[in-house]
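Presented sequentially are two complexes of chain A, the first with chain B as partner and the second with chain C.
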Partner chain A sequence: MTDYRTNNDGGGTASAVPAGSAGEANSLLNIEGLNVSFATPRGTVDVVKDVSLALAPGKALALVGESGSGKTVTARTLVGLNAANAKVNAGRLEVLGRNALKLGERQWRGLRGKDIGYVLQDALVSLDPLRTVGQEIDEALRAHGVRGKAARLERVHQALLDAGIPDPEVRAKQRSGELSGGLRQRALIAQATVLNPQLVIADEPTTALDATVQAQILELLAGLKEQGRGLVFISHDLAVVSHLADEVAVMQGGRIVESGRAAEVLSNPRHEYTRALINAIPTGAAKGRRLSAGAPVSAASLSGSPGRATEFSETAPAIVARDLVKSYPGPGGTRRTVVDGVSFTLERGRTLGIVGESGSGKSTTARIALGLTQPDAGSVTLGGFAWSGTGADQVSEEQRRRHRPDIQLVNQDPLSSFDPRFSVGRVITDALEAGSIGTSGDRTERAVTLLDQVGLPPSLFNRRPLTLSGGQRQRVAIARALALQPRVLLLDEPVSALDVSIQAQVLDLLADLQSQLGLSYLFISHDLGVIHHVSDDVLVMKDGKVVETGTAADIFTNPQTDYTRQLLAAVPELPAREPAAHVAAAPGLTVKEAS
Partner chain B sequence: MSTATQTARTSHTEIPRTTATAGSTGQVILKRAAGSLFVLWAAVTLTFFVLRLVPGDPVTTILGGHSAAPSAETVAAVEAQYGLDQPVLLQYVNYLAGLATGNFGTSYVFKVPVLDILGPQILPTFQLAGLALVFAWAIALAFTLLTVGRGRVLDGVGRGIEVFFAALPPFWVGIMLAVVFAVILGWFPVAGDDGFKSLVLPALALGIPLAGFIAQVTRSSFEEALAQPFVLSARARGLSDLAVRVGHALRHAILPGLTLSAWAVGSLVSSAVVAEIIFARPGLGRSLVDAIINRDLPITLAVVFIIATVYILVNLVVDVLYRVIDPRTNDKGAGA
Partner chain C sequence: MSVALEPTTTRTPLPGGGQPGNQPDGGRGRTRTTGLLAAVLRGLRGTPIGVWIAAAVLAFLVLAAVVPSLLTVKDPYIIDPAGAFTAPNAEHLFGTDQNGRDVFSRVIAGTGQSLLLGLAATAIGLVLGGLLGITAGVSGKWLDSAICRFVEILFAFPGLLLALIVIAVSGTGVVTAAIAVGVGTAPGYARMLRTQTLQVIAAPYVETARSLGRSRQHILWHTIVPNVIRPLFVLATLGVGQAIVWASSLSFLGLGAQPPAAEWGAMLADGRNYIQIAWWIAAFPGIFITLAALTTTVVGRHLQQRLEAEV
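Entry: the complex of A and B
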């Protein structure tokens, strides 16, 4: 380490990050050899190791890596908000020119909100759900001694306006739960930036947002940068990083394994881990290519499961949906049409991707396809037999029940679909039992085989789902879906909660299973990259209607409607997949026209 | 460590877990009023018939017990006077009709209208139950704010004391309080009904065990709230630890305790008897026990009626408070 305590930063400071501004007087961050460890009952855990960062005003630094790589802990160290059992030491830890190692809680409080804004990921939980967003923003003003109720209210409205919220008087009185995802995220940014902090730290600011909303939020963050503020943000989405960041630091296991100018790191990655992260991004260009380094599931492990008797046709399409309509009662006696004349055909052994923003009717369509929601009009056939309909064609649940094994569901959040008291093995044997598959004696064996199919070792059999990683849980959910030997899998945002590298493994697994078992997939996602990668055919939905449908190649290369074009334009892409100069020259967003 | 915050992300985003009735305020009041009438009717009806099943003859009670050995004429006269010669169903209908006009009947033992006896007892019991609830919340909140998330030692101490409090029987607490603060220290009167001073010890006797219960549920929801991302957001705005606890976490934490309080108030009124007897205070609890022992049915019925009414009113108040504290309750059912 360099000398522990010195104010002499006029001397040439060697920074691991070639920010070029490390030694300048107005440097926002100047960090060398940062270590953070946590004292736990089982001993000390080192989470951040020897991290060096620098940031100048008007620049954006991205921390990239998968969960557990130490990004969040690093970011929280910059606002002094790590857990009580955290131990921080560093050769140099200068935040806004102050030695952060010597800052007391009271001094930190003076900086937080005023000089450093901190934006968390999901505004629904990052803003107090019981209070209005106006109260939340006002709280920052009061905490820093801004006097005068009327003056504060004006600043609250101005902050909301600055964050791109058009009618601040109305919105200030609403709670985060009453706002749309985009407005909510803007309000979250407003509460962190109302006092014009020089440094803004954002932890996964666009994850879980629809593509167009994500583009708008990126634009807003880019605007902060243009105002001369420094921006540190965490993301696992390298495409997002390429649009916003000037510098990138790739973290793995608590260390920075690669850092440098964003365009350079992303288009010419030197470290193996950075390359793996870039390869893991699902795009059309990566279609059919494996995203992860893992070996494919062996065909051998799939043999030996005797076929279940089924009437599923070998000639008819897997699903044919015709003119589905579903409406729900809205406020004041009105009816909200959630699904409005949706038709689609899922061919056997193929993947139909359904893409659309929240509220587009994707999930309701999925529930109708699953036979869980009765449509108001229209019909569904599954493997050639009547599955759902209205009037004379109505299918009773009793008639459906014997066909239920043919279509199975995999959710976004598998954990909440597992009984927390069940072991992994029990989750799967339970499904086997429900489908009367096998005898009570050989179900354990079958469950182990199913675990093997999804690439999980038998040693997980007795573990609780809670103790598994997100990727392992999703594999268990897939194994459970496969237990009934289905012909169709309905995959509802199956990888949306996963890191890009884990997502890559799960997408590869799904591709293997499809080719070896001849499964048909109905794949729902808000992520166009994922949809492009997995789909043969694509259905674009908006406000309950099908906007456009066609083969994936047609939709993505030759979109026919404005809405699809707008969706596609909103997807940030990696410069590495295009001539590098294209984005590097324009750090502002190419998506501005979209919104 | 970095994943700890990510796992606990969902719970506060969903529709609040609440026993509060759904719908707009007007609808809620209508639904509640109808429900309340039904509950009152059911409580009175059940008590009326159950008490009729208990062996023994009301006339004997009215005439002063078995030793009285009244003549057949006297019995007939009393039966006629109290309407006991009519069929039970008719007695029941007459009783309901009386209730509707505010007539609770005449006490078998004291031979005066029930309300004349119970009237003076109501206020002391309500004062006692009310102060006990205030003490319980004050103690529970102090424990929550001072010990939750303040390191392992304080947390453990707080948790331990809460369990200890919750396990204490009120009569034992009452006797100990009386011995220490009234007999030895002489700070408060040992017994009687003499203003606020005489109310403190009995209220504590009831409030301390209740504080243990409330603090336990408040503690766990407070812990949960402190782990939420919005608390981190608040700290990142520059709020002090105390401001975050009072301004954000506490509001989330008191919701389950509030639900518990609705039950607690009703039970305080009926369990007040312990404190009333130990501290020789007047009150409904004592009247109820005396009435049951003496088989004084009209008084028993009236006390049941009053306690049922208290339950209903308190639940109504809690329902309203719930909406004030958690405005999301009103939104329930709005989404698809």
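Entry: the complex of A and C
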């Protein structure tokens, strides 16, 4: 069991209690000097250090920070769910007016679900795939002794309805696999709130959701707040925070570095780390500006290498796709059209952003552009030569193979794209070998140069990709793509799995490489902020069709279709901030990723 | 040299410490070796005590198999009618059998044969199963269906029955027994390796190889096959235990090693006639069969978990 104890060496030091609510009699949370450490075989690791928080009913508190900043551990401490090797001590740890340091596991169980609702992070894995949603919610009721099957069913349906799920009778009988991401997240919220807890704790409640679904979930959470419940939520998305939170606590390395009223902190951040976090957010306003504090990389080191022979035209557009259609067999002999008449042109040296929600067909479009999926109709030319097509335009894989080095892919999950047997260096030398670039003797040196070009030290050469951080892995994937001296990079959600500050570094790196190597980017993302930041031109997709296309400025400032307007409206935005001189100085982000 | 987002040292230490020019092929071999060595070293830390014990027993068995003379000086085949049915004592640790042969020496002498039988049978099973499974996995369409149906038919027979069929056709003997057990276990391996092949083919890194411009042949031999057989070492460790039991079963039935060969299964069969008056003749070979199967399984399981944690 987690060891909870009062610390005697001075609670309340360097307190960062958000103003206004500390010490009130009816406060839901009153925490001073909370420390959490974990005993590991390699010694004690302090994860949360001297954290003070308070929360009043009807208010929302956001915990903000990068992975490893201690947000989740702090949140789990509030529901008594820390791992057995966790040591908790605090000057004061009052949850719902009770001294949480003295609560045993049995008492925690009495609180959890009933008085404190906990919404877990990943809706996909947090629901039992073998049980229906109704059973999952019913379990919370039964665990807290609600009697009568009919009465419980009534409450399950009401909870689903309250969470904004229409047809609760139908949904309650479905399993999590049959629900969309948004409905799953709602079901989790229904499960957490079915017993009307006073305090709801949510860990990244909108991460991985599409913009419009995210907007709906935010509304739902705001509704909980209006009912007088307290809400503590974790997010790495500052725009979401600004939308929902009354108070915000910014965490870095286990400590709260800044806290206060959300509007105040986000529009006038005092701590440099908060400023760096805000600067790292890709937006249209930040277009052309560096998001991270690091110096630009120099690709000059590669310019001396002998160019690869290519037929890539210096005059034709990088990619021209015409009327692409792709359908897959659906249930009962039907066909599901995934890509339906998509055309686009990627000009040389520019970035075309493809934005759309999940299921809009953007990834299939990418696969066709990459020549990995054969379209049912339509054609693609790459740098002026025929790349993919049907009928008379059909291009065989043998013909295509010669040109493959011209277009390379960087995807969302770089680890899965590395041969599991390979070290970092081997990943890159293998790509060089595939493109017959360099001699077998000098490929190691070239690989080191490529690593340097993407901002990785040579010491990573013999490391396994598995042991790298997410940002480092993505850099390795970019280095590998560059190894073949491509003309086009297809970037499929390349930063979606990264923390905002790492995302900033990777986006900056991509911008540097584009300007120095004259690369053309086809950039796919569900994140409108990222698309706005990186794109020259934008393609909006929905249900396999192109809804709208135009320059980034046009699409984002003057959308022509309802769908685009709806999409843009769903994106939570940060409050406007005076463009002070924070832009250059963001020392918090120069901290190297853990290697 | 340009400095990127992260400050690099000016020395630019090269991987492996060597100069890139003197290092043909990018130090490929070294990378793999250090990776494996590191994995083994990491594996040693945090290993449960049970696995340690199993590994120690297994090491003892291997020692007995390789240099039996180190453990016993008695000849396992010398008959001494006067000393028959001696209970275990200081002179004869495991007693003597009906012919006065030292059971301990015979058990030790049999270790080599039993382990070798297990290894050979597993190797045969893996090769046969691998050929079928990987072919099915990479070929798709009708060949895949054909192989799958064939393997399913084999599955309809209990493995031991398959082994008996092989022996019925080609007669008894140690070599036949190894082939028989190998054939018996092949369908299981075929199915596992087909699944493994399909998983590897669907992996993004195979697609990446394609978009790097690699040919189908190259992808098959340099990406798919090595990744399919990567977990085989572990699979084999688990299989050896099973194969030892099966091979012993065949010998027990008089279809494998023939008396007076010192082989565990044959000794067990021999000893069961005297189980009421001299339990040790059958018990000790039986214990060693169990130990061999148990320790290889425990060690194999552990390796499997480590590998899964790694991937």
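Throughout what follows, the second predicted complex is superposed on the first by the 558 of 595 C-alpha atoms of A that agree within 3 Å, B and C clash if a C-alpha of one lies under 4 Å from a C-alpha of the other, contacts with A are read in each partner's own complex, and residues count from 1 in each chain.
We adopt the following convention: a contact is a pair of C-beta atoms (placed from the backbone, for glycine too) under 8 Å apart; a residue touches a chain by one contact, two chains touch by 3 or more.
Small disclaimer: the values here were computed from a predicted structure and weren't measured.
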{"item": "Which superposed partner A:L409 touches (first chain B, second chain C, both, neither)", "value": "second"}
{"item": "Contacts of A:Y328 with chain B and chain C, given as first, second, both or neither", "value": "first"}
{"item": "Which superposed partner A:E154 touches (first chain B, second chain C, both, neither)", "value": "neither"}
{"item": "Touched partner set for A:P129, first chain B, second chain C, both or neither", "value": "first"}
{"item": "First, second, both or neither for A:G455, with chain B first and chain C second", "value": "second"}
{"item": "First, second, both or neither for A:A447, with chain B first and chain C second", "value": "second"}
{"item": "First (chain B), second (chain C), both or neither touched by A:D167", "value": "neither"}
{"item": "Doubly contacted residues of chain A, that is, touched by chain B and again by chain C", "value": "413, 416"}
{"item": "For the chain A and chain B complex, residues of the former touching the latter", "value": "38, 40, 45, 47, 67-68, 70-73, 79, 81, 83-84, 86, 105, 109-114, 116-118, 120-122, 124-131, 136, 139-140, 143-144, 175, 177-178, 188, 191-192, 328, 331, 336, 338, 364, 413, 416"}
{"item": "Complex interface listing, chain B residues touching chain A", "value": "1-6, 9-10, 12-13, 151, 228-230, 232-241, 243, 247-248, 251-252, 325-328, 331, 334, 336"}
{"item": "Residue ranges of chain C touching chain A (in the complex, touch as defined)", "value": "1-6, 8-9, 12-16, 20-21, 23-28, 31-32, 34-35, 46, 203-205, 207-216, 223, 226-227, 230, 310-311"}
{"item": "Touching residues (chain side chain A, partner chain C) in the complex", "value": "41, 292, 294-295, 297-298, 300-301, 370-372, 397, 401-402, 404-405, 407-409, 411, 413, 416-421, 423, 425-426, 429-431, 434-435, 440-445, 447-448, 452-459, 461-462, 464, 466, 484, 505, 509, 592"}
